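Both of the next two complexes hold chain A, though its partner changes from chain B to chain C.
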Partner chain A sequence: MLAIDGSFLDFKQLDLLALRQTPVHRLDSRAKVLTTLCFTICVVSFDRYQISAMLPFLIYPAVLMAIGDLPFGYIMRKIVIVIPFALMIGLFNPIFDRQVLMQIGSLDIWGGWISCISILVRAILTASAAIILVAITGFPAICEALEKLKMPQTFAVQLLFLYRYIFVLTDEGVRTARARQLRTFGKRGLGIRHFGSLVGHLLLRTWERAERIHMAMLARGFAGEVHSTRRQSHFGRAELLFMSGWISLFILLRLYNAPQLLGGLFTGTLP
Partner chain B sequence: MSHHIVHVKNLQHTYPDETVALRDVSFLIHHGESVGIIGANGAGKSTLLLHLNGYLSATSGEIIIGDDQLSKETLPEIRRTVGMVFQDPEDQLFMPTVYDDVAFGPLNLGLDPDEVETRVMEALQRVEAVELRNKPPYHLSGGEKKRVAIATVLSMLPEILVLDEPTNGLDPQARRQLIALLQAFHHTRIVTSHDLDMVLELCERTIVLHEGKVMADGPTLDIFNNEELLKTCRLEKPFAMQACPVCSPDKRPLVSQPPLVPPHSNKPHDHEH
Partner chain C sequence: MHMADALVSPAVGGAFWVAAAGTIAYCSARVRKDFDDRKVPLMGVLGAFVFAAQMINFTIPATGSSGHLGGGLLLAILLGPSAAYLTIASVLMVQALFFADGGLLALGCNMFNLGVFPAFIAYPFIYKKLVGREPRQARMVTASIIAAVVALQFGSLGVVLQTVASGVSALPFNAFVLLMQPIHLGIGVVEGVVTALVVSFIYQARPDILESVLQEKPLGKMPTKSLLAAFLIATVLIGGVLSWFASENPDGLEWSIAKITGSAELPETEHKEHAKLANLQEKTSILPGYALPAEEGHSEDSAQTASAERVGTSLSGIIGGTLTLVICTLIGVFLKRRTSAHPQQAK
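Right after this comes the complex of A and B.
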């Protein structure tokens, strides 16, 4: 129970981080969205057996976390959440792919193990970029950026409501769970039947609340379109520098395997 | 709209599940009046308020706001004129920051950005919440949420303010601050509550609802002195008008004139005498 409360508050924290004022927070959100997108494409497009060439990409989240003054432990805990999901996908690989790619001593390393690790590295890299993007930009600003980048407005509004809805849902969830906790006197639960009615109850309450929110929106002249306050933020020199700098680095790192080159430099066996 | 009157005529409302929530409700509220609508839980207060800005439509009867009868055509203008503050501020605050939330209404009115900015800042100043403007609403305290919810309505420059149980769930100090705030407004005010002490301070006139019917309509003091009426409507005399059990154990009614509650004090009276 405390865990639900805790992780929920944790989630709000991500929103609070976006309110900080650091050089990366101040950048126009479009620059950050596009750079993150480019980062993701570069990482995801690597060969399935690639690991070493992806590692230098860690520099992007590391640098942003430092400049953005983000709490390392907190961001780490958010990233760790994706690991089980990545493993769920990746662990099938060693079962199907038993081609021997290398040997360490007398140990055969199957391709499946390598691609599994590769998936894990990919997941960690992209998740960290995404979480850091939210932490230095804020979800609403991301929606706004997507809209300015010509994503249909209704879609942007939907995304924003989805985000708000998550808060509504978790809020109701916490309350329902608390009420249930108090009545089960700390026992583990009431069984699956009651769980079903609990979920039904939760959906009903969320629906009612969503309806009341809609009512409040109508009361203030809502007609299907969320207008933004259009804060002064424009795409200037800083944004251009940020984007071009990072994107050229990503392309370089994508084309050349930096760790291998570096290793070659020391052992004198340049390819 | 020269006279911002609220005229409710023979209003009847039956919910789809056949609950009759309002039975033949009629009253006329004049410009600048401050009216309390009191009644126990389920008396129909919220249902009544939801009619005033057209969210619920009457089963029968009519509503006139200013010069306009409530109808599909007049709805947008009436929603601007009638600023509705809902019971649970969580329902009213849905934008990412306080600023965006207060700007939501003016932006829907199609005002230009400078005008929006001015209105937002004025509204926030009115409720003493300027420093909260960049915070996400769900991080605020109960009292702050309530004040911001009021600002979201003030920014539309309504002529009539409607508040559903505004002091519900507030701690004494937040309640006190809110009452002082509302006292300073010159709008026509309609406030529902079962916090009769608040009604006593805020409203010169009171309408009593009971099971969907208007039981009484008159000066607040007269109504609060009518113990029989309050009892049948499942209400209790405000503490400020009750005999104080500590200093007058003989239960002699202490106050029959307007209660002398200084605007800054929290309690009906202190025990210094």
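Right after this comes the complex of A and C.
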């Protein structure tokens, strides 16, 4: 039961983080969306055996978490949840890819292990970028940014509806699940038999709610567009600086293997 | 199953982004043209419903594990293809952002695998055909189960093809297919049964909801030409990406092509094409020839010498990598200190 409530509250907390007021929260959302996309593309464009060159990219989540005043433990927990899938596929690499790429003493390191670790690093970097984007921007602002970047309006309106009702309805789903759990003994009663009518009722209530909402909106002059009351943000000098700064850093880090150069200073094997 | 950013390459992710975005534009235009404005709030609220329904688990008989509703096919049955695709796409977007489930670049792949197949293949060509004009409960149950299985088989095949074409995972096509398809057969049956249960409940309580969608003639009205054109473009895009990567990733794709065609070598003309594409790839990649030579180590000897040469650079890589991590952490901690030391500045 705690697990049900937990996943819901967890969801809500990420949304609340977007309400903070820090310099990165105040930036126009387009700059943040495009920078995050650029970050993701740079990270996944690395060769499959690359690890060291990807590590400097950690600077982006680290700096944003710090300036955005985001709780480190919470973000880490969210990332740990999503890693297993990528890792599960990644763990097949050592089985299929056994060419020796590196030797440490007499220990042969297969290419598969290197690419498996590479997948892990990719997963951490890309997942943290996505979660931090929501935590410093907020979902409505991301929709707004995408709409300004030419996403169809119908889809944008629909996304905003989804977001507005997700908390109301998830709350209802959690209550339904809790009520059922309180009336069951162990695993009895949690089976598939009553699932249909339980979810069906939820669906009917949802459907009727949607009809009422639509009536109410028509009565208030809804004509297919949601007007946001958020302050209008514009793409100014701060945004330009943020985007150009980060993106040029990403490109530099993509072109030059910074850790290799740094390590070379110490071991004296600079090319 | 969601495709993950960590497994996708920029070209595959980008191609599917274009395909998914194109489908979104097409579906938005359709929903708009039909002037079904009642549907837009309904779509949003039903998208939220999918999350709510996922809070309610059930135990799967005979396995003891628990599952929840996926919802793609259910949305297609309730809303029709175009509206359902938009709703599924928005659900996936929330999952990608709030749960990092999949990720930003893999979002296009996921919209394609979990949206296009249930909404544009399984629903119109299987569910609707099996149910017919006048729905009966028994037929609806069978149709939902078969349609869910087909949608999930296509979806998991999509994940396999995208993963193999990306070349980040070393899993060969055949092994991956043998791993994924049976698992998704099971998942498909469960999804189908659950969808059937909900659909038959709705049919008993409010048959008008289901009938109004079935009476619509979306496929009759949908111009077959543009549908064909869309599929053609998708095929060319995907085929282009796959062949592009076949040149770079011979151990994965060409191996499976050899298995399928029965010959290890593709015809001569194909080779020329590959060379051209490889050339293009060389030109467009940000840093050509930067990648570690993966195909070099076919013979033991060359692998040995190559690795011996690499030990020096690896060592500096490890030292440098550790230093980088320390530096990143220190910068983060330093900025954090400053942010919390001057809260008024942050306000």
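For the reader, a short list of remarks on this structure follows.
What we mean here is this: the second predicted complex is superposed on the first by the 211 of 271 C-alpha atoms of A that agree within 3 Å, B and C clash if a C-alpha of one lies under 4 Å from a C-alpha of the other, contacts with A are read in each partner's own complex, and residues count from 1 in each chain.
Keep this in mind: contacts are C-beta pairs under 8 Å (C-beta built on N, C-alpha and C of every residue); 3 or more make two chains touch, one makes a residue touch a chain.
Model, not experiment: these values are computed from the prediction.
The partner that reaches more residues of chain A, of the two candidates chain B and chain C, is C. Once the two complexes are overlaid on the shared chain, A:Gly221 sits against chain B while remaining clear of chain C.
In the superposed model, A:Val174 lies in contact with chain C only, and not with chain B. Touch criterion not met for A:Val80: it reaches neither chain B nor chain C. Contacts of A:Val63 after superposition on the shared chain: chain C is touched, whereas chain B is not. Contact with both chain B and chain C is seen for A:Phe139 once the two complexes are overlaid on the shared chain. Of the two partner chains, chain C is the only one touched by A:Phe92; chain B is not. Once the two complexes are overlaid on the shared chain, A:Leu16 sits against chain B while remaining clear of chain C. In the superposition on chain A, A:Pro152 contacts chain C only, with no contact to chain B.
Once the two complexes are overlaid on chain A, the chain A residues touched by chain B in the first and by chain C in the second are 15, 139, 160, 164, 209, 213, 217. Every residue of chain B that touches chain A in the complex is listed here, in rising order: 50, 53, 55, 76, 79-80, 84, 86, 88, 90-92, 94-97, 99-100, 103-105, 107-109, 113, 116, 134-136, 138-139, 152-153, 156. Only residues 4, 7-8, 11, 14-15, 21-23, 36-37, 40-41, 43-45, 47-52, 55-56, 58-59, 62-63, 65-67, 69, 78-79, 81-82, 85-86, 89-90, 92-93, 96-97, 99-104, 108, 111-112, 115, 118-120, 122-123, 126-131, 133-134, 139, 142, 151-155, 157-166, 168-170, 172-174, 176-177, 180, 187, 190-192, 195-204, 206-207, 209-211, 213-214, 217, 224, 251, 254-255, 257-264, 266-267, 269 of chain A touch chain C when the two sit together in their complex. Partner chain A is touched in their complex by these residues of chain C: 1-2, 4-10, 13-14, 24-25, 27-29, 31-32, 37-38, 40-49, 51-61, 64, 66, 69, 86-87, 89-91, 93-94, 96-101, 103-105, 163, 167-172, 175, 193-194, 196-198, 200-202, 205-206, 209, 286-287, 290-292, 294, 297-298, 303-304, 306-308, 310-321, 323-325, 327-329, 331-336, 339-340, 346-347. Residue ranges on chain A touching chain B, taken from their complex, read 12, 15-16, 19, 138-140, 160, 164, 167, 171, 209, 212-213, 215-223, 226-230.
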